[in-house]
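Comments concern the structure below.
So that you can tell them apart, the chains are marked A, B, C, D and E in the order they are listed, and the count of residues begins at 1 in each.
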Amino acid sequence: SKQAEQNSVQNNQPVKLTLMLDWTPNTNHTGLFVAQDKGYFKDQGLEVNIVNPSSQGTLEQLVATGKVDFGISAQEQVTSARLSDLPLVSLATIIQHNTSGFVSLRSKNILTAKDFEGKTYGGWGLPSETAILTALMQKENADFSKINMVNIGETDQLASLNSNIDLTWIFYGWTGIQAEIRGQELNMIWLKDIDPALDYYTPVIVSNEEMIQSNPDTVRKMMQAIGAGYEYAIGNPEESAEILIKYAPESDPEMIKRSQAWLSPQYKADAKQWGVQKATVWENYSKWLYDNKLVTKMMDSSKAFTNDFLPTR
Amino acid sequence: MTLALKNLSKTYIENGQSMEIFRDLNLTIESGSFVSLIGPSGSGKSTLCNLIAGIEKPDQGQILLDDQEITGMPGHVGYMFQKDLLLPWRTLRENVTLGCDLRRQDKKISSVEAIKGLEHFGLLDFADYYPHQLSGGMKQRGALLRTILFGQPTLLLDEPFGALDALTRREMQLWLLSIWIETKHTVLFITHDIEEAILLSDKIFVLSKYPAEVVEIIDVPFPRPRDPELIFSSGILPLKTKLFHLLGT
Amino acid sequence: MLKNNSRRFRPPAVLLRYAPALFFLVVLLAVWQLTVNYFSIPRWLLPSPSQIGKALWNTKDVIWGHTKATIIETTLGLGLAVALGMTVSTLMTLFPLSRRVFYPFLIISQTIPLIAVAPLLLLWLGYGVLPKILIVVLVCFFPIAISLLEGLELSDLDLLHLLQSMGASKWQVFSLIRWPHAMPALFSGLKIAAAYSVMTAVISEWLGASQGLGVYLLRSSNNFLTDRVFAAIIAITALSFFYYAIIIILTRLLLPWYSRYRRTS
Amino acid sequence: MLKNNSRRFRPPAVLLRYAPALFFLVVLLAVWQLTVNYFSIPRWLLPSPSQIGKALWNTKDVIWGHTKATIIETTLGLGLAVALGMTVSTLMTLFPLSRRVFYPFLIISQTIPLIAVAPLLLLWLGYGVLPKILIVVLVCFFPIAISLLEGLELSDLDLLHLLQSMGASKWQVFSLIRWPHAMPALFSGLKIAAAYSVMTAVISEWLGASQGLGVYLLRSSNNFLTDRVFAAIIAITALSFFYYAIIIILTRLLLPWYSRYRRTS
Amino acid sequence: MTLALKNLSKTYIENGQSMEIFRDLNLTIESGSFVSLIGPSGSGKSTLCNLIAGIEKPDQGQILLDDQEITGMPGHVGYMFQKDLLLPWRTLRENVTLGCDLRRQDKKISSVEAIKGLEHFGLLDFADYYPHQLSGGMKQRGALLRTILFGQPTLLLDEPFGALDALTRREMQLWLLSIWIETKHTVLFITHDIEEAILLSDKIFVLSKYPAEVVEIIDVPFPRPRDPELIFSSGILPLKTKLFHLLGT
């Protein structure tokens, strides 16, 4: 709370904050661990506890209730949460463009949405999956009801393609790199190529309305540190990969290094600053959902995100 | 202590049917005497013990111990059941001091008493055995010791040897007799076994089928100390035959 | 004295018996409802009983569709677990060497986290109904097999001697003595298995399924529809209780000698 | 005749006893290793025993760090469940009205899918070790409370009459008779609870944790390191077995009268 | 059928100690006679029954039934245990036909026989009761009926009435006598109870402590049919006393 913030500042005590990840530590999170490792948080008078995810949609709710201060989410989740009245706000996008897409084994020759008919899709059971597949199918005059939707949870998506799953949705920077390592040949349909509206932000850094209203300074310091972390990761892929490996000793170092090399240029990409979000991206996606009758009302994009806390130079 | 039952009445209601067990039962057991109660199965012998022990209440009437009323008040008599009822989770020593634990008596005193008792009953070597490690006869002796260490001068023994084989039973009878001759408790002894009643008692009360009445009070005419061979003597035959036929009624 | 009142199952007695519990339930729901209303707790955080009731009613067809899938997995899984448990215990009893080889594994594999193995099973067997049934089978198998094995071990050796003295074969000893003697143990194992079976099916659905109460629960949760999450939990509880009750009823019907015997011996 | 050979726990006999099972284990592992080698099955699909062994060894420090977290959750959860189960059963036994109010809930809530409720607990209680312990407590509470309640119901009324005749108070009847009489039932409930406790902690870690074997398992899986997934499963199994064995040993130590009593009565 | 035991020897090895139960035991029970075997506890009476019933094998010696060897072969005699051993999951009717089920006999025939037997034993009304619903005496009668319906003319009865109370026991003795007088089975009856042995038997074998020898064979001199009041007559006293002292040796 504001009180706590002032007290801490007065006492010269660091402000304690919690940041919750959306998944197992991976290269999407590198900047966060760099900020931790290089003491960027400390420099801002913050003590950040990076905690691991709570699956099954509770992350957004935990951030909304203030049980955790910051979280890693995605534009789809934020949109869905705000439509359910969760007071969530996106503060920065970690990657400028959507690096995800639908993959299938090259041997199955699935090249367009038309080919999805009669196939089995393995996903997480997220609302956005149904939404996007439906729209995609409609656009190519295919029938969504002919897709068999299966929830494959946390199993190995690539291995599932050798089982009875034909199609799955991956982030190239992680699972795509693993496929390269395995030498598994895939066809990939990138989301950003399907429709410009689908080039949305994933993942994003979120907090709740109460937090940014009552502790703006803390939020600003937090984003300053995180921004610096990602800038370092953009400039130093190899060193930052080592930092991530240090903080996530359970991971596969080879995989992290290759993934980091691929992802570092993608964080900022064509933007003028890391993390900056365009109103059009938020509006377009929301409108796209509405136009495709996937939701019954429009989200107020202006409340869903803000660039106000991005690092200043 | 003299135990007296005055005008006891007790009726059970089971499944809507009422069943009169006693109607105006009167009975007196003199201080220091050994009285056996025999009667057909279901005549209410155990019910009578429960009433005297205070774990059930009569519908009417009084139970007096030396003219003091104890109706419905447990703890005034030592009560030993047909089954040995040693607690399986307590060693023999812990079992015999159960009464002391209940009364929160000084552990040391009760432990000294227990050891004396165990020695006297020939059980000292087995003090730390659990009941399942003891023979049937040992368990019965343990249960009797517990009843005696409970410290009341009046004992109710409800078919204490019912579960023993014939030979062990005979041993236990003689042994009980030897104990009683020393301690001179007032004893009410329930049994089905006519020879047992004759061998042990001063008096035998014969109960009828329910509603139970005392159909006969018999003074056992044999002098004490009694010869264990008594039961092989022809002197007991008339009494034995008489009791047998009384039971049948 | 403490005799059992044999009339306690007559209808008015039943009502009277459960009256305090029902009363408590009503108070609990009322307090919950009023708290949610009074503090205007948002629905996604804690829905009120009336909201949950509405969610149940409004999605009843969807829930029923998912319930059917879970019923199929649970029923088949439980049925196969019983068959497998019976076969394994029988073989282990009849062939002592097999018992010596496999019994330690039976005890240790009971502690294997099957839910952690489940994703691997899905990978190997595909994402159809088969691996889910298999997971239910495995989870339910252990309590059934282990209780049955214990039951098949005759504690009363005299019964064995009786049959031997009558010239009974090993197989007759098994079918006439060991088997009926083991029935109460089997049913108590079944009770545990039944209580866990639905939960297992639900978790296995989280790991890979397109239909089932687990899928409904996950989707509701991902859509921030906490009222439906509660509706799903109620459906799962009701279904679990249904299996549990079936086992209790079956025990009464199939082992008429048991309930009284247990009380008197 | 079939008397128990009292020498069966002497060391050489133990070895002999488990020799067939050990032999079977070795054969199993050998077949597995050779199959993986022969067909060159990729490590991410099915690692060989030697790869799993290597993974265990190489990440032993990491695994031990995670194991400590799981041990804390499990031990605290199990401990609190025992305390809670004992308290609830005691109160229900001493106050019959409370029993009538709560017993039906106890039976029905046993079938509530706690793992499905777990995300909600996380939502209400926040993130940390507390909700995880709570989930373990809830899952372990039911078998403990229900078995203990059954055990506290004295089947042998004569024992009750004995104490009554000695003028024992309600509380003395409870502490001297009902309670020791219930111990075997308590421990058999504990055995079930222990077998499920680690698994429950692992699942609750999946729902949100930074430390614990569940986290290690999930991270290994998300990093496509199937050999480490197996290592995690082995660690979880070993930990479960550890708790299970502790309960068995405690039963022998604390209830010396029980094992033989059971056999002879 | 005449049952003969020839030079039977049996040694148990328990905890490394060997324990000789019988050494060269010889014994003959004539066809249709009722023989009681009494002996101290642990003298090997039950072991002897197990040997005859074929569920254990002697170390040496032979068991002959009408000169045919049955050593180690079960199924040739009816064997009734001290406990009633009715299977709790079978009704009384199903319990008494257990032998028929074992031999896979025609269900119809065995059922007719069972009903006749149940009627004769006064159990017909309880045919569909489970054992826990029967009284102790009924259970013992059921167990005896099962032993008889097993169809062998030779019966081993190992303390069949040991678990009954004294009165029920007396009833059962008289009833067994009435049954035997009709069926004239060859009976080997084990007991601890001297009166019981005298009332029932043609001959009484007294066994010593182990290694068990037959220390005495006594012809019971009372004519049949015997008066139940026999046990109250002074005529049996010398025999009773003699047997009692023999047992003590």
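Basically, a residue touches a chain if its C-beta (ideal position, glycine included) is under 8 Å from a C-beta of that chain, and two chains touch if they have at least 3 such contacts.
All values derive from a computational prediction rather than experimental measurement.
Enquirer: Which chains share more C-beta contacts than any other pair?
Expert: Per chain pair, the contact count peaks at C-D.
Enquirer: Would you identify the chain whose Cα-based centre sits farthest away from the centre of chain E?
Expert: Of all the other chains, the one whose centre lies farthest from chain E is A.
Enquirer: When the centre of a chain is set as the mean of its C-alpha atoms, what distance in Å lies between chain B and chain C?
Expert: Once rounded, the distance between the two centres reads 50 Å.
Enquirer: So what's the Cα centroid distance for chain C and chain E, whole Å?
Expert: From the centre of chain C to the centre of chain E is 48 Å.
Enquirer: Please work out the Cα centroid separation of chain A and chain C, and write it as a whole number of Å.
Expert: 40
Enquirer: Need the CA-centroid distance for the pair chain B / chain E, whole Å please.
Expert: Centres of chain B and chain E (C-alpha means) sit 33 Å apart.
Enquirer: Where in chain A do residues touch two or more other chains at once?
Expert: 56-58, 61, 65, 154-156, 159
Enquirer: Show the residues in chain B shared as contacts by 2 or more other chains, in ascending order.
Expert: 50, 55
Enquirer: Multi-chain contacts in chain D: which residues touch at least two other chains?
Expert: 1, 45, 119, 123, 161, 221, 226
Enquirer: Would you pull the chain A residues touching chain D in the complex into a rising list?
Expert: 18, 20, 23-26, 50-58, 61-62, 65, 67-68, 154-156, 158-159, 162, 178, 182, 248-252, 255
Enquirer: In the complex, go through chain A and note every residue touching chain C.
Expert: 56-58, 60-61, 64-65, 80-81, 84-86, 120, 122, 124-127, 148-156, 159-160, 163-165
Enquirer: With touch defined as at the start, can you tell me which chain D residues reach chain C in the complex?
Expert: Those in contact with chain C are residues 1-2, 17-18, 20-21, 23-25, 45-46, 97, 100-105, 108, 110-113, 115-117, 119-120, 123-124, 155, 157, 160-161, 192, 195, 198-199, 202-203, 217, 221, 226, 229, 232-233, 236-237, 240-241, 244, 263.
Enquirer: Can you tell me which positions in chain D touch chain A when the two form their complex?
Expert: 42, 44-45, 59, 62, 119, 122-123, 126-127, 206-210, 215-216, 218-226, 228
Enquirer: In their shared complex, at which residues does chain B touch chain D?
Expert: The contact residues of chain B facing chain D are 50, 53-55, 73-75, 77, 79, 81, 83, 85, 87-90, 98-99, 101-102, 130-133, 150.
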